[in-house]
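Got some structures for you, see below.
Both complexes below contain subunit A, partnered by subunit B and then by subunit C.
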Partner chain A sequence: MAGPKSSSKSSPTSSETSVAVSTLWKSYLDQTPDRLKFIDAFLAFIVLSGVLQFVYCVLVTNFPFNAFLAGFASSVGQFVLTASLRAQVNPENRSEFKEVSPERAFADFALGSIVLHFFVFNFLG
Partner chain B sequence: MIWQFSWLLLAATAQAASLSLQSPRFTISASDATQLRSDTLSLTKKPEPLTLGATDTLKLTFQITESDEGKGVQPHQTFLRFYDKESGEEGIQPVRVTPGGKAKFELNMMRPPASIPPTTHNPLEVSLILGSFVHAPAQYDLFDLYIPASQTPAEHPDEASFHVLPTIKHTFRPEQKSPPQSISAVFAAAVLSPWLVLIGLWSKIGVRVPNLFSISIVPFTALLGAFEVLLVWYWVDLKLGQVLLYGGILTIPTVFAGKQALYATGEWRAGRK
Partner chain C sequence: MRLLSSALITLLALTKLSFASSNSVLVVLDPSLDREDYSIFFGGLEERGYNLTFRAPKDTSPAITNYGVPNYDHVILFAPDTKSYAQDITPQSLVGLLSENTNLLIALSPKQTPLTSLAAEFSLILPPPETPLISHHPARSEPPTTIPVPVSSSPILTPGIPPIWFTGASHALGSTPMLVPILRAPAESFAADPTSDADSDALVSASEKGGEGLWAGSQMGLVTGFQTNVNSRVVFAGGVNMFSDEYARKELPSGELPGNALFVTDVAAWVFQEKMKLKIDAVDHHRVGESEAPEKYTINDEIVYTAHISAYDSETSTWKPYSGIDDLQLEFTMLDPHIRTSLPPVPGSPGTYQVQFRAPDRHGVFKFVLNWKRKGYSYLESSTTVPVVPPRHDQYPRFLSAAWPYYAGAISTSVGFFLFSALWLAGDVKGERKKGSKAE
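What follows is the complex of A and B.
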């Protein structure tokens, strides 16, 4: 999963770990462009959605099973597509994705999302 | 024409000839040749049932004639039928008839023929069956006969398949039920809560979309929205063929709109950078 490139490293001891985490977080908030944060918010939303669906399935019931699979698969699939979009659009990754322009990445994202939604709606029933 | 009709008539009259049984007599004698019972058989009324012990012998004599001339005739088939009405068992015994129509049949219980069916304590109905190519067939009920009971016949190996098999009782897993409405409502709210989180985060980030309604990208976003609407419509109503058709039709303008929109955004990105 692509993450923001920052200069902090995590340390072995727990207080140093918490310091490192907070430094990481501060650095993320300061250095990440707004557009990437926008995509990150969407990623967090997708993860939260998927986790809650899974919790419901485990706690309450998996009936109807196809609906659970469709919903969970949509979370996972959308997460994968969005993460790959974020990786390709991130300006700091330009060296890795020379032949893919951000526009092309977005077009791929849109097409992939539509196909994913088609299969999800098919299975939802 | 007249000739053929006359032959037909002759054949018909020949066919009309029927067989009749003359002077049927029976004799039951013991193993030491003493006569136990002897009588003529009446064709209209059956006699008292005959009883044969394990060592007795039954002798039956009769003559078969053509009814109108009284001439003795040898029919093509002469059978004695032993029939147990209770169990349904039957045995057929062919009887030898001389060309003059005289017939004699002997049943020795010490050496019974294979044609006697398995018997219980019920009597066997004995009848004479005559068949012929040139006469009308005839059947005469002669008498009832008690003979010693035989061993029960062996059960046929396929016997079980001729009876109704036991009913198969299927047990099914109980139907899956939905959880109670209240729990469903709570979890529905829980699963929709990430939308609130998303809106909160997006408002905090304060995303700028200066060119959202620009003429170059509105067709593209509108067509993408149209795709989503098509998919929801497919979920509620459409069939697969229809959604694929409409989707295919929508793809064509989307491709052009997309190329145009993304070219514009590329230019803005390059221009801004």
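What follows is the complex of A and C.
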């Protein structure tokens, strides 16, 4: 009794969800500026890299631990910096960052990343 | 002037010689004992190069020590019945002599004397006074207190010594590992009052209780040695008669001559440091492939440890390399032995013991410890402290294969950052459409 009910219920729910997701994806593709899409692609790459390192650390080895910390911190740090850049160059946030021009935001991002990578490579070996 | 200086040099050389040969003996002989009755024993000692000086227990000179420095290398106390001594002979002063490397040969008796309490300090438990050792076996014409005692084999004694005549007190041995039993009582002997049968009831009841409280059997010692921590030696003999000419010549019940003369010579040779005397000449340690001891070791180093051991040869009065120890052990300790390994003699290289081992994966202050203590032999002890440090920062491998995913992650993030920056800047110039397609 419960089985058929739940299954009959779940199939419309899942179709609703997939419809919602595809709607969301379409509106993202249509309404997001290409610049932000580009940043999002980079963020996705960083998340993938961080997740892979974490999985390797948990499943295989955390030795040498400093290398794990360096690699993982580089992913996290780069993600934070890139996400900040995305927030500052987003035209919808223009009112929030009146004094920060997109050029200035990118310069901050570049300087922060270079400092981050300096520490990461120092800590890696 | 020249004559004076040469005389001085000769004098110095003579003093040095007398120190090196270490053969001066003070014999404290009770007036009731005649020196001539012990001529075989004393004559044998003089033949082997000892200088005997005789003195009665109550004489004040020659003194045993002057200002705390012993005057003699060895002291024989043949005063088993003496109750009072001159001021310089007390149990305390005798113990003091031992700590100053003087050796003692002490004869006890069934009587209660100051030496009885001294024996107790060396973990020998004497039976009640006036209870000498008695044995009715084997059947013989001598009184039951004059006993032929079979000699068991011991590294101290020449093998195959016939039974020896013994009269005197037995003693039980305490648990001190420094005791060296030399002669045990016969299995059928016991300690009791020989003049009356007053003890007989107590003996019977004690034997019915399984021997509890019974001074009997071969667990009792008659002649027992003791080696102190500074390797001086003391021997307690249960009676003085065993050293006498009379007992050396008295025929055994079987008709053969007893082993007294040989036995007491062997005992004297041991107690006067003629035999079973070993020393560690030198120890050295270094890494494999090097020859000098390093200032410090690194964890997991391969270490070679070598000990050179000599034994004293009394015939030539020299130290000779000795390879006869087959159970020597080396410990590498930091509080606990992290490594305990056998230290075997090196074939073809007399007196050399060598082992190679890997330092533990643990840093700290370690010690090479040699600690060889066997009954009758001089104790061998050596301790060398060395620091063991972890590898220095440039002694590790820098990049490990296990960490390649992390290296790849960090590098790819950096490369990604540069590509991203380049495309971002390029996109600014060329227009948004282009870099959007590139990002996809």
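Here is the rule we go by: the second predicted complex is superposed on the first by the 110 of 125 C-alpha atoms of A that agree within 3 Å, B and C clash if a C-alpha of one lies under 4 Å from a C-alpha of the other, contacts with A are read in each partner's own complex, and residues count from 1 in each chain.
Definition applied: contacts are C-beta pairs under 8 Å (C-beta built on N, C-alpha and C of every residue); 3 or more make two chains touch, one makes a residue touch a chain.
Because the structure is a prediction, the values reported are computed rather than measured.
Engineer: After the match on subunit A, would you call subunit B and subunit C a fit or a clash?
Structural biologist: They clash.
Engineer: Which partner does A:F68 contact after superposing on A: first (subunit B), second (subunit C), both, neither?
Structural biologist: Only subunit C is touched by A:F68; subunit B is not.
Engineer: Would you sort A:L124 into first (subunit B), second (subunit C), both or neither based on which partner it touches?
Structural biologist: Touch partners of A:L124: subunit B and subunit C.
Engineer: Of the two partner chains, subunit B (first) and subunit C (second), which one does A:S49 touch, if any: first, second, both, or neither?
Structural biologist: The answer is both, since A:S49 touches subunit B and subunit C.
Engineer: Quick check on the superposed pair: does A:Q78 touch subunit B, subunit C, both, or neither? Answer first, second, both or neither.
Structural biologist: The second partner, subunit C, only.
Engineer: Name the contact category of A:Q88: first (subunit B only), second (subunit C only), both, or neither.
Structural biologist: So A:Q88 meets neither subunit B nor subunit C here.
Engineer: Kindly classify A:R35 by the partners it touches after superposition: subunit B alone (first), subunit C alone (second), both, or neither?
Structural biologist: both
Engineer: Which partner chains sit in contact with A:A107 here, subunit B, subunit C, both or neither? Use first/second/both/neither.
Structural biologist: first
Engineer: Looking at subunit C, which part out of 63-71, 351-359 or 387-395 clashes with subunit B after superposition?
Structural biologist: 63-71
Engineer: Jot down the residues of subunit A that show up as touching in both complexes, subunit B in one and subunit C in the other.
Structural biologist: 34-35, 37-38, 41-42, 45, 49, 52-53, 56, 60-61, 63-64, 106, 110, 117, 121, 124
Engineer: Spell out the residues on subunit B that touch subunit A in their complex, using ranges where they run on.
Structural biologist: 176-179, 183, 187, 190-191, 193-195, 197-198, 201-202, 205-208, 224, 227-228, 231-232, 234-235, 240, 243, 247, 258, 262-263, 265-266, 269
Engineer: Quick check: in the complex, which residue numbers of subunit A touch subunit B?
Structural biologist: Listed in rising order, the residues are 34-35, 37-38, 41-42, 44-45, 48-49, 52-53, 56, 60-61, 63-64, 101-104, 106-107, 110, 114, 117-118, 121-122, 124.
Engineer: Contact residues on subunit A for subunit C in the complex?
Structural biologist: Going by the criterion above, the answer is residues 33-35, 37-38, 41-42, 45-46, 49-50, 52-53, 56, 60-61, 63-64, 67-68, 70-72, 74-75, 78, 82, 106, 110, 113, 117, 120-121, 124-125.
Engineer: In the complex of these two chains, what residues of subunit C are touching subunit A?
Structural biologist: Counting only subunit C, the residues touching subunit A are 398-400, 402-403, 405-410, 412-414, 416-417, 420-421, 423-425, 427, 432-433, 435-436, 438-440.
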